[in-house]
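The structure follows.
The chains carry the letters A, B, C and D, assigned in the order they are written, with residues numbered from 1 in each.
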């Protein structure tokens, strides 16, 4: 009468039954490949769907690898890209994967027109030559196009048959919210929305057979529960979510293995240009230099991050071209406390959903209060965070945001965070010349230009990259392959097919 | 007392050395003090005495309802002595042995039939718990003369009249055929005319079942009507005991004598103060007549004190209105709820009532006939649907302030705002009158003191709150408030029916004094013809919202012709 | 067994003993064993004292780290240990107690007064005004309290003040209902009629003769409610709708500390216990008050 | 009866209408903006503007409200912007989840209330101790009870699960209430497992209301046991247990029932915390998220639902009161 397994069987250890039981903390969004963006649902989407390209998993230096494409090349001005497609690949519904699927998939992403649609907005045409070759032409040069295809939320290949049978008519009755039609190693199983999600291995997968035949995700709403369940072996693993204290705790448990991988996620300080307290350049610069970011990163992030000296996320640019220009001045805060900032209150805002941002805000607040500067730290629910930041002088004075680039391309960071139209320039701060430099660099991918951007941004003191955040995962000892499954760009997503019961 | 030595049937009840002590909030009261009594089967013993003398406590003790030393409501009870019910000897302080006796050998009829029946149970179910079968229930309802037993069995207590509820109580108490029935003021809460029927019923059933009855009452008339013997209680002790006729006609104890003297009948001389001389009333007469108290007391005792002696020095107001109150063709109806259709229930039909200046009129009628409604209309608390209402000179819509009308309610306790001191209550009334407004603070204070003296209360009660006064004292405060400035008309809604006989007597004397001394016109609502006769010049009988007759008090016994009036007469003569 | 009201009407001292209220009618006070009421009153006094002077006497600040993070209780001069930021837990719990106490009292008093006023006006005026006011009250009662409070907090921005406003808005109707019912009952009672016949009208009649009847009920309800309001405030803070960190607020401290419960239980548990203790005291106090008023008012 | 039903229907409409207005006003003028939740964090201003148009948020508030109302009348609750699924789908599983928890909580609260009412009225030292324990339990915030329960019964002894509603996955059953479904389909182990999941959350949520209920009930009992009819019953030889059964409870139940009505109305507040701690995927948890995400459609729908529940529960309470006490008239 009911699905699932009997208690205990196949859940406690990987070796026994081939089911991997993972926990999702908190809610997850619809696992539709064209709406899924940066959330945990990518673990589902990226198991069931594949794009043309991917980044090599388990290595910090981003390296493009073929997924459904075996070869690819770009023309000189980055407007035309040709791909040779993998043969013998079938979609889960039995349809064979061929060149026609590429255009159909791109078109669906445009139809849906959700967040990640921008990735294919610049595509002018998709031409097929034969079943297994496509040429994509862009409206304008884009040096980062291949990176877009390799992005964890880049365009995925969707079965044309399914697309025809279930055309996009809006979110209300989206077949793809509960079904999949990809080529990936896993298929969607039973979904109990907001409670549990199941994946099962796809027999006809072209690549290596996944280590577990089934993966179950249970949604748990609080960390302590997951922690207990992990300790008791009721859950095999947790991807992401662990803040530094939970991570430290779990690290000491004998039955568990904890992992911290490099990623491009970079918790960053944003200063409100309209802030009453920090509005003028001198105060702001002095304020930013007064914060001991190395200590802050250590206190707030512990093992889940390392302080950084770079502006853009590490591995995006050559280290030497990417250095922060502001150096720590241990006396600066005391001076501000008795001078410019006496009597004022610095408010630090963070999105409640981000534990690292909260830790940073709480710690910087404590730091400021210790130095004699009144400070408070306010959490905002997701729906009020961005509107609060948009309030100008009435918004918080500073915020921490733990962002990452969509792709391993400097543009995906620079434009998004440092230009008012980019999307995540949270306070809309603008530094003269940066937009122009970034536009130019996007066409060619010239590191020199990015280096100039890094210098300007850093000197403005509107932003400060605090740390290099680690992607975390906690698994039972007997789950292996975790250290080869992580993504160099973002945290919270693993290539599930790489995981296997140790001993097999 | 000992069952073994008496070969004949054992007494229904015998009590020996019964002592009950209550302790509540650290204060002890000996409610019953070494009392002994016995009742033979088929005999009725009346237990009379003032309120708080311990009558009900004896009633509880003989049922074994005081066996829980913790008591209810936080206090403690200590009980000593023995109780023998129908030959079974029991200890009233321990529960053992009472099972099977309480509710079987001894049962009770309580005073207030409304609160004594579970409001959530139908009569049928309630009786069924005792009788055990529907047929038996039916038989008992018949037995207590309930007309539609089937309907009544399906009804809830609140759907029955007080008399019917009390019949149900009697059925409940008798259905188990007890050896002893304790009747604790079974008719006090009932209409006088219903009272007679219930008493008749009780007497008949007692004779049929042959059970002993302990009849608790404070009404000597009732005791005389139903009981063979009477025991008079005071402060927890029995002060006198004997055959009813003997005790009532030739009381030996002082206390009994006072009780008997306080009793009003249709032969009571209505032109003189009633009852025995009473110091507080005498004191207040002294104020009015300027005579020595001792002299007054002597005159009163010698029956030489007449009401006509008072008020002679009162100046006659020249332009006094002819009528203190005029109701002309007054009709009133009330909206009654019920869901779906709202209906109006007509309560008064074309009532004409005039009270001349200085006249006192008593309004009598059965419960629900509209007496209080007339009074409330006269007081401006309700508005008549139709007809004219004139008080003094002006017709009033609402109360037009000034000296206006004053009311003394039956329940004096709740007519005084509990958190205000007597002083503020009186000052407030004074401040609302034209007379009071013209006075300064000291004069007002003086006025208030005078008013208290008039009702024979010491000035020390000024700073006391109503809850700290006794019922009689509260009634006097209410009177003082009403007359602190003599009103154009004084309305009294059964001001004595909740008081002990002797207290009631002194209140009647006080009111009469005010009436004669100040010339207050008065409308006096009552059930008690004897009291009506004493206080009023004229008795008006109302029945179902219509005034049916108006009789001068002096020849009340002969002139009354209406149905209800005759029944009332019977009740008094009883 | 006769209840006290049973015999009240006829209870009369013998007429000849009229002289002043005799000693037996005036209740005598004698020293008694401590009751739940006095104990809880004492406890409240101690808590208030601690909350008021505690943070002031404490060598630590509430918003400045004063030691290593995550120190267990009784270590390094921190009686209740330190939290994840190195704040002294005891100091913060005391300061939080003060905040909670203050906020709860203000909210309760405000909503009780508002409810009393509205209920009294409705009950006293009757008719049209009554119908309108009570409809509005019913409407507010029907509003899902959580949602309204949360929506208000969301609209005003999370802060202690907004959650106080939010709670007060959903709380007053309860008082209005109680007050209105009691006032209507009181308005029909004899002493009010008597006062009216005596010529007392309008506001004076309402304030002097009617409203005081409601006060005991409202007082008891309010004192019982303070505990409840403390809990609701804590719950709102718990789901992130209270003051910003690092202001010491019990609910916020409990929720912020929840991730540490497994290894550093004192961080969330101490403030939660403080909530429980406060609420317990008010429960007792309300209960005691109620039995006193009920016994006295009979 | 007709009048009663009509008046209740009228107040239902009134409540729902004003609720919808309130929610709309508050959410539109409140601090939230649903667009970010809809398009994702790093959307460009263009993408946001497009989404705003798509969601109709660029329209005047009145137009939005009218749209909302017309769709509502047709039974369409709109889209949840945070999950991009129809609100009705989101609620389909959550309503029974919360209902199950609520029913369990109410049942447990009533049981606690009944059991403790007697204990509560105990005199002497035993009574004082019991009252102290009860008060303490009722005074502890639900997150404390929940946390303690979790640490003791899961971490320490492993007797009870602390996450979710079942270990087997959703029932395919009809009601969506797992215990009931398990029983209906005859799958006893499933029902038992669901029951085990239910225990801690229900206890954490019901202790407070249960003790409050006990208090009111104890009050009512003491009044009713010292009333005139209790005296009559005693004098007719009824024993204390008989008295309690036949007269006591029924007469004391009125105020308790009213209290229960109020508490059911407010229950969601306490369930928010409990659902959060025990990963109970119900309305409370969803509501917090929806309010956080300024997800107006979801918030409005839940509010309407709760408003309706309030009116219905109170109607039932009034019916119950009339049933318990024949003197009470429905009006």
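The rule we apply is simple: a residue touches a chain if its C-beta (ideal position, glycine included) is under 8 Å from a C-beta of that chain, and two chains touch if they have at least 3 such contacts.
In this text, all values refer to a predicted model and were calculated from it rather than measured experimentally.
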item: A-C or B-D - the one linked by more C-beta pairs in contact; value: B-D
item: Interchain centroid distance [CA atoms averaged], subunit B/subunit D, Å; value: 52
item: Distance between chain centroids, defined by C-alpha means - subunit A, subunit C (Å); value: 48
item: Interchain centroid distance [CA atoms averaged], subunit A/subunit B, Å; value: 88
item: Distance between chain centroids, defined by C-alpha means - subunit B, subunit C (Å); value: 44
item: For subunit D, residues that touch 2 or more chains besides their own; value: 30-32, 147, 155, 226-228, 231, 276, 291-292, 294
item: Per-residue overlap in subunit C, given as positions that touch at least 2 other chains; value: 1, 3, 6, 154, 157, 258, 261-262
item: Residue list for subunit B, restricted to those that touch at least two other chains; value: 65, 72-73, 112
item: Interchain contacts (touch definition) - all pairs; value: A-C, A-D, B-C, B-D, C-D
item: Subunit C contact footprint on subunit A (complex, rising order); value: 222-224, 227-228, 243, 245-246, 249, 299, 347, 352, 355, 361-363, 365-366, 369-370, 376-381, 383-384, 388
item: Subunit A contact footprint on subunit D (complex, rising order); value: 30-34, 36-37, 39-47, 50, 79, 82-86, 89-90, 93-94, 147, 150, 154-155, 158, 162-173, 185, 187, 190, 193, 275-281, 285-286, 289, 291-295
item: Of all residues in subunit B, those that touch subunit C in their complex; value: 25-27, 50-52, 56, 60, 65-66, 71-74, 111-112, 218, 278-280, 379-381, 399, 401-402, 404-407, 409, 411, 413-420, 428-429, 432-433, 456-458, 460-461, 464, 468-473, 478, 481, 498-500, 502-503, 506
item: For the subunit D and subunit B complex, residues of the former touching the latter; value: 1-4, 123, 225-229, 231-239, 246-247, 250-251, 324-327, 329-331
item: Residues of subunit C defined as touching subunit D within the complex; value: 1, 3, 6, 36, 135, 138-139, 141-148, 150-152, 154-157, 174, 227, 231-232, 234-235, 238-239, 251, 254-255, 258, 261-262, 265, 268-269, 272-273, 275-277, 279-280, 283-284, 287
